[in-house]
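To keep things simple, chains are lettered A, B, C and D as they appear, and every chain counts its residues starting from 1.
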Amino acid sequence: MPASAKRANAPSAELLEKLFRTAYKIRVFETEGIKLYRQGLIRGYFHPYLGQEGIATGVCAALSEGDIIASTHRGHGHCIAWGADVKKMVAELLQKESGYCRGYGGSMHIADISKGNLGANGIVGAGTPLGVGAALANQIKGNDAVTVTFSSDGGSNNGTFLESLNLAAIWNLSYVLVIENNHYAVSTRIEDSTREPDLYKRGLAIGVESHQVDGNDPLAVYHLMRDAVQKCREGKGPILIEAKTFRHMGHHVNDPGKYMPEKELAHYKERDPVDRARNALTEMTGIDKSQIDAIEEAIRKEFDDAVEFSKASREITLAEFQQFIDSY
Amino acid sequence: MTREIMYRDALREAIDEEMAANPLVFIIGEGIAERGGSYKVTEGLLGKYGPKRVRDTPIAEAGMIGVGVGAAIAGARPIVEILYVDFAMLGMDMLVNQAAKFRLMTGGNGRVPFIMRTQGGTGGGVAAQHSQSLEAMFYHVPGLKVVIPSQPADAKGLLKYALRQQDPVIFLEHKHLYMTKGPVPEGELVIEFGKADIKRPGKDVTIIAWSNMVPRALEAAAKLAEEGIEAEVLDPRTLVPLDKEAILASVAKTNRVVIVQEAVRRGGVASDICSIIQEEAFYSLDAPVEIVAGLNIPVPFNLELEKASVPQVPDIIAAARRTLHLQPRALAAQ
Amino acid sequence: MPASAKRANAPSAELLEKLFRTAYKIRVFETEGIKLYRQGLIRGYFHPYLGQEGIATGVCAALSEGDIIASTHRGHGHCIAWGADVKKMVAELLQKESGYCRGYGGSMHIADISKGNLGANGIVGAGTPLGVGAALANQIKGNDAVTVTFSSDGGSNNGTFLESLNLAAIWNLSYVLVIENNHYAVSTRIEDSTREPDLYKRGLAIGVESHQVDGNDPLAVYHLMRDAVQKCREGKGPILIEAKTFRHMGHHVNDPGKYMPEKELAHYKERDPVDRARNALTEMTGIDKSQIDAIEEAIRKEFDDAVEFSKASREITLAEFQQFIDSY
Amino acid sequence: MTREIMYRDALREAIDEEMAANPLVFIIGEGIAERGGSYKVTEGLLGKYGPKRVRDTPIAEAGMIGVGVGAAIAGARPIVEILYVDFAMLGMDMLVNQAAKFRLMTGGNGRVPFIMRTQGGTGGGVAAQHSQSLEAMFYHVPGLKVVIPSQPADAKGLLKYALRQQDPVIFLEHKHLYMTKGPVPEGELVIEFGKADIKRPGKDVTIIAWSNMVPRALEAAAKLAEEGIEAEVLDPRTLVPLDKEAILASVAKTNRVVIVQEAVRRGGVASDICSIIQEEAFYSLDAPVEIVAGLNIPVPFNLELEKASVPQVPDIIAAARRTLHLQPRALAAQ
């Protein structure tokens, strides 16, 4: 059943604004973050979420406090959508003590356990078993929390996809696996990685309720996810959601992404998830342009403040590091 | 009061007591629920704690370990039983890249109170893929604790401690030990990590051994005593953390060391302990540290060859005699 | 399309006799092997293939010289069906130098590379990637050989099932994965291991032609396999075949198998694959009982000779072992 | 004639020449075909040898390694490229339980001419899951050859040899070395396994180092020479087989040893080499063997901490001076 058929009621203005704020915040974070990278302020890997904002935005809007997320190497968007403090994110990218991981983790490892964000991951596919495990922990605890793993088309080729989703199924865990199918693993096309590019079918094969959605439509993602969350809380999990999307640029900051066909890229850019969130907000609520501008301005300022904060922060000292080692 | 109970029963007591005390403790594994486990360690737990906390799994070691690690990160206390340590190789990514690194990667905010219980060692012709001793694999990975008890009381006390601390633990049992008996005090028994145990005191030579090599070292020590050689048998009990102080204290007394491991010689934990001793007690050694270890070959099916490929009591005796210059050095097993 | 619909022609007498000989030889090997085990002549693990004979029998009858098989921990049947020398098999079980692996391997590792048997395996599921690799080697070599992995219901839960079958698919390898679904992994029911006990669906999900067959019907297995082999040779591989079956006893020699429901066991025993092979031979060719007796007698004698041969064989010496180590 | 070429180009030459000579050689990996590999080692090979022999794969390390092992068993000559050695943990079962054991389990009849090429080491803030040096993991597994070249010529000659021998090879490159240059003779260059290379002769102290620690050891040796200390820098080039004779010969000459590894101290290969030296050359040592190694912690993202967690030139110099009793022993990094 398509997600739309299940929409019980029209989206509230509050929700629409939330979706737009989130999507825009991710957009700003990545766009500005890349500039910091190019200035040499950020080192190591930086995988932008540009173009995929609709997914994290829609998914997280359907979650509640106490729920848990696990993420990928392309994790900034999930982190922001889950309500992270941008200050601590930027500080982490700048390897500062005030960062989420005190500068020990970096882009690929930002996590906030206390808030139920198990973190980004440098191992493609690893978030799936970890997320299933978190869902299992919640079942053991006896609460009704939902755990979501954001995964990728590439991640669904890691064998633990089968192994752990199957465990989630036989144990009826309150778990949603969101596969962000952006059609590429670095430069390798999904069609070259599998004969069946509709990845949700892999869930069906092991008896998991599985859906597909336009990942560039934050509202569609939200509605599908809302239903999934409800089913999970009713003990009808796990659920798999494949969200089709496309990157707006190369795999990481230094990948020009020449292998991405221009026409296809243009097709997806026309369906820009941030624009769609903005349009949905303006069209459905009649909010005026100045209000939108104010929202955008506030978000940009939040990022600028975060950069300032981060630059002013110190790094971990060698003495602190030694202490950590001694306790490890 | 102290009773004599089997290693496997001691393990079960530890799990049972901790499950009773902490509703977050649960156990998953192949055939551990209905069937009570291949070595009967988990027998009766399903009936007592129910299918929510005692779960059979499909054959999916990478998934089980990964799910266990995730559950630990999210605040539960999983015990994942892997039938043979050999099969833990299927889940190495989750152990090495996730469990061991999570705390560092999160700047110390995340903890992973995860336990993988498994068993290793040779035993009765189960051949190359079911006979390995792989402690060195985990020992080399910062962030993993490596626990390897040789006696029922240690097994119980260390497992209970494992279930109360915050880091991922590789808990290595031995197929030959499950049905061995030993004294275990009634009531609460918790043994902290990083405390070696002197299984037999002596002054002439230190024999460092763990897991199933401890009974062999003790047998060797008893035979050496007949010759008037008093060997001290030191069981580190946990390899990470390692009780360096106890080892160095014993070496300072005896000035001679034999290290016995069932694992293959090349790149084993014995080599590392040897390197620590020569680094920190170089000037008190009266003879080279002797390493008695498994041969550098997968374990063969044939029982005679299987026996030849891991240390036996006479090998330990000969090594001890060599450290006392009572026997010429033969080519060491390597 | 059911296998039967594809039968181009009636089975030849030669084929029917071959099927019966193979099935019966496996039956004798396992029945008598268990006796040797109980006498203490065999150590370690011994997983009997009793009840599953129809699968190895039907599959291997459809293969030709130059083809390759990879097997499981329950591998005696595959080995025999693939034409192994029973002498060398028994000698291996008795840890003798004259065995297939010179006593180094044992039941779980019998292999005969020279004849294209990559061997049994102690790691459940491992034969799948190994078999796919062999198929890849054949594609590199440019020949039309087919590689078959015999796997198990348990083996299909190992993540490499997904990873390697997917590789076979994207590379169109000449590969057949035969899943022997005997409903149990030791004492764990397939229904407790997955929500979807029809395992062939896992192949469909990644675009692999997949079938199901009654594994206790050697002829049905043969016909399905014959078609699969032909397709593979035409470049239309890989193909997955799920063969439903049931063990006649516990998981290994020392497992009483009490968890197996009596009624279900009886159901499958009524469909005994050896009986069905015998019946097919007698019914379709009119061969008389004395001829059947002669076949059975010869096979039993072959086994007895193998035992005698093996008992008379020597074991590897420690000096030979040392030489091996030095070269390792 | 000898040219100066980059390490990555030397590797490509080896693969190219062997692919040209042997149609059974093929290579699979992530992004190695169209894109020529993350480190450009395989650039141009797709065009030259076509998509049958140069294949991109999905992200499925366990599958790739397993399929490679199977192909080798069946008589082809696969090179499986794994992007980071860290990811090899996903395929450990296939390496440890299949590739390494197959020959033994088949009584010597089966061989596995399989090569896994991968790279390790720290480099520029790629953090804990992309910075490991894991040679000890493979070193401990009998049946695996472990090759770890530090210079372009070694990389080429050893890879060519690897492609002609019969056993599984773990071929470990280093992310920092790909763009370093060195002399490589034109024409055929094949270097046998098990032959150490003296990268700089000396008589006062032996510095054993491999991979990216070789350039650092050479830099340290150059600085030590300014103080009048002549350090001999020995690069084993292959850890399995290990050229024990060359090591013992050097120790016999210098009586002092420093072993340098980027891998973490605990349970590393350095410990094992140390154990061999103390076992076989105990009486010729004038000072404890010094091990300079990575800290026992996952590698942090922060660049200063990353640098602090692996050996730097001054650490090597200090250790060498300690063996000559020119500097007091500080607490070793462990």
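Note that in this section a contact is a pair of C-beta atoms (placed from the backbone, for glycine too) under 8 Å apart; a residue touches a chain by one contact, two chains touch by 3 or more.
These numbers were taken from a predicted model, which means no experiment stands behind them.
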So which one's got more C-beta contacts, A-B or A-D? A-B
What chain is the most remote from subunit A, judged by the mean position of CA atoms in each chain? C
Using the average of all C-alpha atoms in each chain as its centre, how far is it in Å between subunit A and subunit B? 41
Let me have the rounded angstrom distance from the C-alpha centre of subunit A over to the C-alpha centre of subunit D, please. 37
In angstrom, rounded to a whole number, how far apart do the mean CA points of subunit A and subunit C lie? 46
Separation of mean Cα positions, subunit D and subunit B [Å, integer]: 30
Note the residues in subunit B that touch 2 or more other chains, in rising order. 57-58, 60, 62-63, 86-87, 90, 93, 97, 104-105, 127-129, 142-143, 295-297, 300
Where subunit C touches two or more other chains at once, the residues are 101, 103-105, 109, 121-123, 157-160, 162-163, 166, 170, 192-194, 324, 328
Show which residues of subunit B lie in contact with subunit A when the two form their complex. 23-24, 26, 52-53, 55, 57-58, 60, 62-76, 78, 93-94, 97-98, 102-110, 142-143
Show which residues of subunit A lie in contact with subunit C when the two form their complex. 157-163, 166, 169-170, 192-196, 201-202, 204-208
Subunit D contact footprint on subunit C (complex, rising order): 68, 70, 99-105, 109, 111-114, 118-119, 121-123, 126, 128-134, 136-141, 147, 159-160, 162-164, 166-167, 170-171, 324, 328
If we count contacts the way the header does, which residues on subunit D are in touch with subunit A in the complex? 30-31, 34-35, 56-63, 86-87, 90, 124-130, 295-297, 300-305, 308
Interface residues, subunit D side, partner subunit B - complex: 62, 86-87, 89-90, 92-93, 95-97, 100-101, 104-105, 127-129, 132, 136-137, 139-140, 142-143, 240, 263-264, 266-272, 274-276, 278-279, 282, 285, 287-291, 295-298, 300-301, 332, 334
